[in-house]
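What follows is chain A paired twice: with chain B in the first complex and chain C in the second.
Entry: the complex of A and B
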C-alpha cells in the first residue's frame, strides 16, 4: 500500500517535469523566438548588443546564445529552485508577481467553487425529495438554462448592471486604491466588495450542473433498500437525510470537486480580464499580450501544477472518505 | 380458520396503487398464532411482499392499504396498526414487529459500519445503548458470527450470508415479538439457505418469536413452517397445517405447484410445469383467478370467485372443487417424508 503512495507521488513530479519541459519547448516553437522581439526593441533603443544579451539571459535565467539543451538545463534548474526569472513587461521578479496574484485567484476560485457545490447540492437534494413536483420541474429547466450560459456572459451583464448602471459595486481591481494593503477591517471589506461580482458570475452558471448531478444521485440513493429499511427502523428523518441520503449522494461528487478546482483556475484568465481583477489569470493574459515569456511560462506552470495536485489529493483521499474504495487499486480519479 | 391466541389478525387487507379496483393485495384475511412459524408461498408477483409490508403498514408509496390489521400485545391490549399515529407507528415497527427484507446486501448503508446500524436503531427507540449492544453481540454469536469483527466492519467487507445474518440480528435487537421475513434467503446459495433456516429455528425457540416467512421456495419453507399459506393472484388460496397442506392439499394450484417442484429423488419425467402465466394485477380473471390454468375449471369457476371454506380441521381452501382436486390431481411423489435439512455451520 505504501508502495502505491510512493508511486503516485513520484508520478506527480514526473508530470510536473513533463509539463515544464513542454512549456519550455512550446515557447521555443513560437514564431520569431521568444526574445527576438525584445532584442529588436532593446537594440532600437540603442542598447549595446553585449548588454542586450546579458539582460535577456538575466530575464530568463538562460543564455540565449547557448545551445538549446544548455538553455533547457539552465531553465529547469532555475525553476526547480523556484526562480522563474524576471518579468519583461513589469520589470519585477516573476515569483513576486505570482506570490501577490495567486491569493486573489485562489480566493475567488475556492469560494465560488465551494458555493457552487453547496448551493447545487442543497437545491439538488430538495428537488430529489420533491421529485416530480412543480418546483422540481421548474428548477430542472432553470438548471439546464444556467448550464448553457457561459460564466463570462453572466460576468459582463452583472458588471454592466451592478457596477456601471447602479454603481453598487466596484468595476475593477482587487481592493480599493485608497486602502492600505494590510490585514484590517477596511481591507477585508474592500476585498470582499471587489470579489463579489467575480465570485457571483463564476458561481451562478455552475450551480445548475451540480444541482442536476445531486438530484440524480439522491434519487438513486432514495430508491435504495437501505433507505427504506432505515425508515422502518424508526430513524429520525434528519439522520436519514444526512447520514444516508446526503452522504451517499455527495460521495461521487467529491472527485469532481477537486478536479473542478484545478480546471476553474484556468478559467480565471477570462474572468479576471473582465473584472480587471489582478490575479493569476489576469497576469497570464497580460503576459501573453506583452510577449512576456517568463511570466507566461510561470503562470501556465502554476495552473497546471494546481490541476495535477487536485487530482493527486483526490486520488489519495477518496479511499479515506469512501470505505468501499481502497487506495492503490485501479480506482484512480484520472 | 381459528387460532387460539392470535398475535396478528388481518381482516380484509387490500392494497391498491391507482385508488381504483386494481389490487396488488386483494382483500386478504389471515390470523397469525402467537409463537408459530407461518410460511407464505407464492410465485413472483403474487402479492407476497405486499402481504409482508402490510403487517407493518409499510406499503411503498404511493400504494394505499385498507382493511384492518389488529395486533395483540403481550399484555392483552390490542391496537389497529392502520390507526396508529406516525410516532406510534415508528415505535411499533421494530419494537413489536420487525422485518428482514430480501437482499441483505442492499439493506445496510454502504458507508456506515454494521455497529453503527445497531447503535442508531437503539438510539432512535430510546433504548439503552450499552445493554442493547451487549444483546446485539449475543445475537450475532447465536448466529455464529464473530461480534467484534462484524460490528466493526463495513457491509461490503462481509459475505452475503454474513450480511444476511447480521441483518437478522439487527431486526431482533429491540426484541420484537414478530419477525416478518420477505424472501430472506433469495440471494443466497443453497447451503447458506439451509444453515440460515436452522439458525432461524433456534432463534425462534430461544426468543419465543412469531415468524412469518415469505418465499417462492416451497420445499424450503416446508421444512421450517408450522403452518403454511399459498398465495395466487394477490389472494390467499389455501391455508393450513404444514402436513395437511403438503400431503393433502385441496387447491388445484397448490397441487400443481407441488408437482412442479424439482426434487432430487423424483424422476424428471414427473416434473409438471404449470401451463400459462399468473395474472397481472390489471387483468385478474373474473371468478376464480386460477380458472384459466386449472384442469378442473368449470363454468362456475369462471363466474364465481370461490370463498375460502374449511376443508379439514385447520385447513381452508378457496376452491369450488377442493374434494375433486384431491382425487383428480395426483401428487406425483410422496412428500410425507421430510427431507432432513443440511445443518448449521458457518457458511461464509
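Entry: the complex of A and C
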C-alpha cells in the first residue's frame, strides 16, 4: 500500500519534470525561436551585441550562445528554484507577476466550480426524486440547454447586459482603480463586485452537466436494495436522502470535481480575457500576444502543475473516501 | 450487435457440418436453420445494423430533434458548397441592419455592411469538417490506446497509461494556443485535430478501465485459449462492448471542438482565412457591438449558431445512449413485452468547457 503512494508521488514529480522539458522544447518551436525578436529590437536601438546577449541571458537565465543541453540544464535548474526569469513585456520578475495573478484565478475557479457542483447536485437529486415529473422534464431540458451554451457566450452576454447596458457591475479588472490593495472592507467588496460576472458566467454553463450526472447517479442508487431496506426499516426520508442516496451518488463525481478544477484553470485563458481580469489566464494570453516567452512558459507550467496536483489528490483520496476501491489492481499481461 | 450476428452465422455453420458429416441430426427439427440464404443473411444484417438503430433512434424525441438540428446544419453547409446563398463581402448591404429589418438580409448586417446570414452559412462547411475530424481523432486514438492497454495489460498497458497520464496533465487550451501559433494550421481538418490534440487521454483512460473488466469475460478467455490473435479479439470481443460509450463520447468530443475552436477564434488565436462564427463574434466584440443595443444582433447571431449546433450534438449524444441500450432496444422494436426501466447511464467524461 505505502509502495503505491511512493510510486504515485514519484510519478507526480516525473510528470512535472517532463512537462517542464516539453515547455522548453515548445518555446523553441515557436516562430522565430526565443528572443529573436527582442534581439533584433535591441540591436536596432543601437545596443551593442555583447550587451544584448547579456541582457537576454539575464531575462531567461539562459546563455543564448551556449549549446542546447547547457541551456536546458540552466533552465531546469532555474525553474526548480522557482526562478522563471524576467518578463519581456512587463519588465518585472515573472515569479512576482504570477504570485499576484494566481490568487485571483484560484478564487474565481474555486468558487465557480464549487457553486457549479453544489447547484448541480441539488437540482440533480431533486430531479431524481421526482423522476418523470414535470419538474424533472423541465429541468432536464434546461440542463441540456445550459450544457450547450459555452461559458464565453454567457460571459459576453452578461458583460453586455449587466456591465455595459445597465451599468450595474464593473466591466473590467479585479478591483476598483481607486481601492487600496490591502485587506479592508472596501477592498473585499470591490473584489467581490468585480468577480461576480466572471464567477457567474463560469458557473452557469457547467450546472447542466453536473445536474444530469447527479440525476443519473441518484436514479441508479435509488434502485438499489439497501435503499429499499432503509425504507422498510422506516428510516426518515431525510436520512435516506442524505446518508444513503446522496453520499453514494456524489462519490463518482468526486474525482470529476478535482479534475475539473484543473481543467477549468486552463479555461480561464478565455474567461479572464473577456473580463480583463488579471489572473493567470490573462497573463498567459497577453504573453502569447507579446511574444513574452518567460512569462508564457511560467504560466503554462503553473497551470500544468495545478492540474497534476489535482489529479494526484483525486487519486490518493479516492480510495480513502470509497473503501471499495483499492489502490493498484490486477495487472496481469495477456 | 456484431456478436449476435457472428454467433448466428457460426451456429449455422456448425449445424451444417453436423448434418453433413455424421448424418445424425441431434438438434431435432433444425432443418430450417440450415438453409439460410445469402439474401436472408443480408436482410438480417440490414435489420440489425441499420433498421433497428434507426427505429430506436427515431422513437426517442431527443435523438429525433438532435438529428433534425444536425441535418439543418448539414443542409446549411450544402447551401454554402453549392453556392445557393451570396458569399459574404464588405459593403454588400446597408450597415447595421437588424434582424428581419430587410428580408433580403434576414439576419441583419455588420458594421462593414456584410450579410450576417452569408457569414454564418459560408463558415458552416469548415466548422462541420473541423468538428468531425476532431471527434474522430479523439475517439480513434482513445479507443486504440484504451483497448490495447486494457486488454494487453502488463508493461504495454502501464506504458500506454503513463503516456496518457502525461498527455492528460498538459492543459488543453494553452497547449492548443501554442501549437496554433507554431504550426499555423488553416486546414479545418488539421485544426480539428490540433484542438483535440490531448482530448483522447481522459477518454482513453476510462475506456481502459472498462476493458479491464471486459477482458475477464468468459468469451474473451475462450477466444484467447483458442489462439485467436490479439487484434481480432480486440476487434470482435472487446470493441462491440464499448461501442455505445465510444459513440456517445464521439459526440461530446465533437461538442468540445465546437466550444474550444469558437472560443479560440473569438480570442483571435487561431489562424483563419475566412470569417467564421468565432471570428464574427470577435469582430462584433471588438467592433463595439457591446456598447449599443442596435448592434446586438451582430453578437447574437453567431452565438445562436454555436448554441444550436451544440444543442444538436448533445441531444444526439443523449439519444445515442438509448440506441445502444439493449433493454430499450428490444422494447421499441417490439420483440419483447417485458420492459425494464431504462437505466440512465451517464458518461463519465469530464467536460472542460
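Just so it is clear, the second predicted complex is superposed on the first by the 327 of 334 C-alpha atoms of A that agree within 3 Å, B and C clash if a C-alpha of one lies under 4 Å from a C-alpha of the other, contacts with A are read in each partner's own complex, and residues count from 1 in each chain.
We adopt the following convention: a residue touches a chain if its C-beta (ideal position, glycine included) is under 8 Å from a C-beta of that chain, and two chains touch if they have at least 3 such contacts.
If you're wondering where the values come from, they're calculated on a predicted model, not measured in any experiment.
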item	value
When chain B and chain C are modelled together on chain A, clash or fit	fit
First (chain B), second (chain C), both or neither touched by A:48	neither
Dominant contact partner of chain A by residue count, chain C or chain B	C
Chain C, chain A and chain B - angle at the middle CA centre, rounded to the nearest 10 degrees	60
First (chain B), second (chain C), both or neither touched by A:224	first
Which of chain B and chain C A:145 touches, first, second, both or neither	second
Which of chain B and chain C A:308 touches, first, second, both or neither	second
Partner chain(s) touched by A:165 [first = chain B, second = chain C, both, neither]	second
First (chain B), second (chain C), both or neither touched by A:215	second
Touching partner for A:248 - first (chain B), second (chain C), both, neither	first
Touched partner set for A:256, first chain B, second chain C, both or neither	second
Three-chain overlay, closest Cα atoms of chain B and chain C, distance in Å	10
Overlapping contact positions on chain A, where the chain C interface meets the chain B interface	none
Sites on chain C touched by chain A in the complex	62, 151-158, 162, 165-166, 168-175, 177-178, 181-182, 202, 212, 215, 224, 230, 255, 258-259, 262-264, 266-267, 269, 281, 285, 290-291, 293, 296, 299, 303, 306-307, 310-311, 313-315, 318, 341, 343-346, 348, 350-353
Chain B residues within the chain A interface of the complex	56, 58, 60, 90-91, 93-95, 99, 101, 103, 106-112, 117, 120-121, 124-125, 154, 156, 170
Chain A - residues contacting chain B, complex	224-226, 228-230, 232-236, 239, 243-244, 247-248, 251, 322-324
Residues of chain A defined as touching chain C within the complex	11, 15, 18-19, 22, 26, 29-31, 144-145, 147-153, 156-157, 159-160, 164-165, 205-206, 209, 212-213, 215-217, 219-220, 223, 252, 256, 259-260, 262-267, 269-270, 273, 284-285, 288, 296, 299-300, 303-304, 307-308, 311, 329-334
